[in-house]
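In the two complexes that follow, chain A is the common piece, with chain B as its partner first and chain C second.
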Partner chain A sequence: MAASTDAPPGARTHLPGEPGVWVFILGDMLMFAAFFVVFVYYRRQDVPLFVHSQSTLNQHFGAINTLLMLTSSWFVALAIHSARAHVAKLCSRFFVLAFLCGLGFVVIKFFEYREKIHAGIMLTTNDFYMYYYMFTGLHLMHVLIGMGVLTYLTSIARGGDFQAKNLNVLESGASFWHMVDILWIVLFALLYLMK
Partner chain B sequence: MNTRSQLLCAWSGFVFTVVFTIGFWLVANFVPPPSPNASAADIAAIYQQNTWQIRLGMFLMMGCSGLISPFIAAISLQMKRMEGSPSILTYTQLSSGSIGVVFLILPSLIWTAAAFRPERSADLILLLNDLGWIVLLMPFTSFVVQNFAIGFAILSDKSVAPVFPRWVGFFTLWVAILFVPGGLLTFFKKGPFAWDGLFAFWIPLVIFLTWYLVMFVFLRKGIIEQARAA
Partner chain C sequence: MESIFSLKVTPLWIILILATAVSWEFGHGFGFGSHHNYATVAVVLIAFIKVRFVFLDFMELRAAPLPLRLAFESWAVLVGGTIIGLYWPGS
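Entry: the complex of A and B
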């Protein structure tokens, strides 16, 4: 495991983080893949309902959140870069910025849900909204877990010890956050954009 | 350390998995579950036609669920080796795991009550049927806490030869998350999140049984390693 972290960044053979964390990441992506397949399957049974319901979603909220997720991923990548260069201050700052993007995502989601609930749209309104609330809700749970992970990474970065072992932990956590980002991108396309 | 009793406790988890599958699945025929959308008459008919199978299946399900306790105790002992002292995650696992047992025994008793007088009014059978499925599939809370405790303990094991491989820790955390969708079955009578759906029933059931087997395999390994090292 330590050997893999010693590989230069960008080397083709380098697996970021420890191998074990990929059991979790790939497993989680498998679950969301199942979500997506189920969604597309049920969508085909009633396309007009899904298209109509989709048009009531607030695209602005969705787009801002996509931007926040992408930006946070960029910050996480910069943090890892700083960690490899052993710059503790920058590294922890980038993690904090990524965390703040995550927080922004949660706040926007809160307002988005509130808008829907005020309009009388609930989990049980129709099939589209069932998937909308369930998928985005479970994704939101991942964002919250991810923010916990980022907090942990920040504390490691503040410690200033960037030996292979710690670098490995940072990469594992960063990989998890990138997964949370990727899942949102797919969710955004599927729920907000798919024509 | 009494290796033999530890192994016995680990094996009891395996026996639970097998007997539970036989009782719940093969004898009571509760897989796939009846639709939450089915009418009272349809549900009552299930209990009237399969009275004996359900009674026997529930007897087996109830009877084997107690075997989870020694299994959890064996996990606790190995967790203590990972954690050292103080072993707070071990205690968390022990207590939340013990509560989890209740949610396997209770539904078997509720369904037994339904099959006890299958001639009673269909609406009452429907109520008991609902209650059983909700009690079995909805309470993810202590399972999630238990799995997080085990997962964190595995990942915090800093020894040169860790008790469990680290991927088992990540796998355990993943399993915890898969239990969550079941908690939302309260909103649905059909579709993948209803109690007969992919995300509330099929995935949790398969993952639950798989996790037990994975735990059993590595628990056994850990106990044998421990005996060898002593």
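Entry: the complex of A and C
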């Protein structure tokens, strides 16, 4: 098994990033798995309430945020390809673009929460909205942390040193950001689209 | 460096965007009429297929050591399967 970060030619396997980061990612994903199951379980107890509450969500905000998350993940994947090709300028630009998508996500979330709060819909309104605020709020924290990570990765990319150690850091941060994307894909399906 | 259009992640990104559009339609009942439960199962399936491809090609688990790849693929199958299993009888 090749444990290095630079995917040597002919290597049969390659672990992108630090093993510890993967343990963290898996732990985080297990926590969200429990949230998803809890949500669907309690939804079953009162389907009309959940369906009615969901109909008051602004689905366009949810859909645009999904497109932003997917696009940011694509930019991050392109940044990693650029780093492996030792193209610093392109690599840092892709990380900046991914960061801007994350920023767009946060801005849209701000308007979405504002719309709800102005309509008097709070965490305590009902079970659906309790889960909505808790899960999207926790995910939003991940987005903000991820944006901090992307800023750090951009500074590494600008340095232009893509030796194994730095590439390992870039891959670790990229994997975290992809996880943030994955969690939103499921949240969008459950909170906004499940009928 | 190769052009971004020749990298595998670019067609995948386009497919993920298209899959989002399709699940949006299913989420609004398209194709299943009043059978919203079939549409929801389609939405969940599409979501977890998207998740699997983000695992494999964005997170690069396709080339990762097998136990790690299996752990994440199992996550997708178990979580997606549990959601559909819990949803179906109550839908």
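Side notes on the structure shown:
The rule we apply is simple: the second predicted complex is superposed on the first by the 186 of 195 C-alpha atoms of A that agree within 3 Å, B and C clash if a C-alpha of one lies under 4 Å from a C-alpha of the other, contacts with A are read in each partner's own complex, and residues count from 1 in each chain.
Following the convention adopted for this analysis, contacts are C-beta pairs under 8 Å (C-beta built on N, C-alpha and C of every residue); 3 or more make two chains touch, one makes a residue touch a chain.
It should be emphasised that the depicted structure is a prediction, and the values quoted were computed from it without experimental measurement.
When the two complexes are overlaid on their common chain A, residue A:I182 makes contact with chain C while staying clear of chain B.
Contacts of A:M134 after superposition on the shared chain: chain B is touched, whereas chain C is not. When both complexes are overlaid on chain A, the residue A:K195 reaches chain C alone and has no touch with chain B. When the two structures are aligned on the shared chain, A:H14 is found in touch with chain C, with no touch to chain B. When the two structures are aligned on the shared chain, A:S55 is found in touch with neither chain B nor chain C.
In the superposition on chain A, A:L67 makes contact with chain C only, while chain B stays out of contact range. Once chain A of one complex is fitted onto chain A of the other, the partner contacts of A:M29 are limited to chain C, with no touch recorded for chain B. The partner of chain A that touches more of its residues, comparing chain B with chain C, is C. Across the superposed pair, chain B and chain C touch chain A at no common residue. Only residues 165-167, 169-171, 173-174, 177-178, 180-181, 184, 187-188, 191-193, 198-199, 203 of chain B touch chain A when the two sit together in their complex. Residues 1-2, 4, 7, 9-10, 12-13, 16-17, 20, 23-24, 26-27, 29, 36-37, 39-40, 43-44, 46-48, 50-51, 54-55, 57-60, 63-66, 68, 71-72, 75, 78-79, 82-83, 86-87, 89-91 of chain C are the ones that touch chain A when the two sit in their complex.
Contact residues on chain A toward chain C in their complex (touch as defined above): 1, 7, 13-16, 22, 26, 29-30, 33, 36-37, 40-41, 43-44, 47, 59, 63, 66-67, 70-71, 73-74, 76-78, 80-82, 85, 87, 90, 171, 175, 178-179, 181-182, 185-186, 188-190, 192-195.
The residues of chain A lying in touch with chain B in their complex are 18-21, 23-24, 27-28, 31, 34-35, 38, 42, 123-124, 127, 130, 134, 138, 141.
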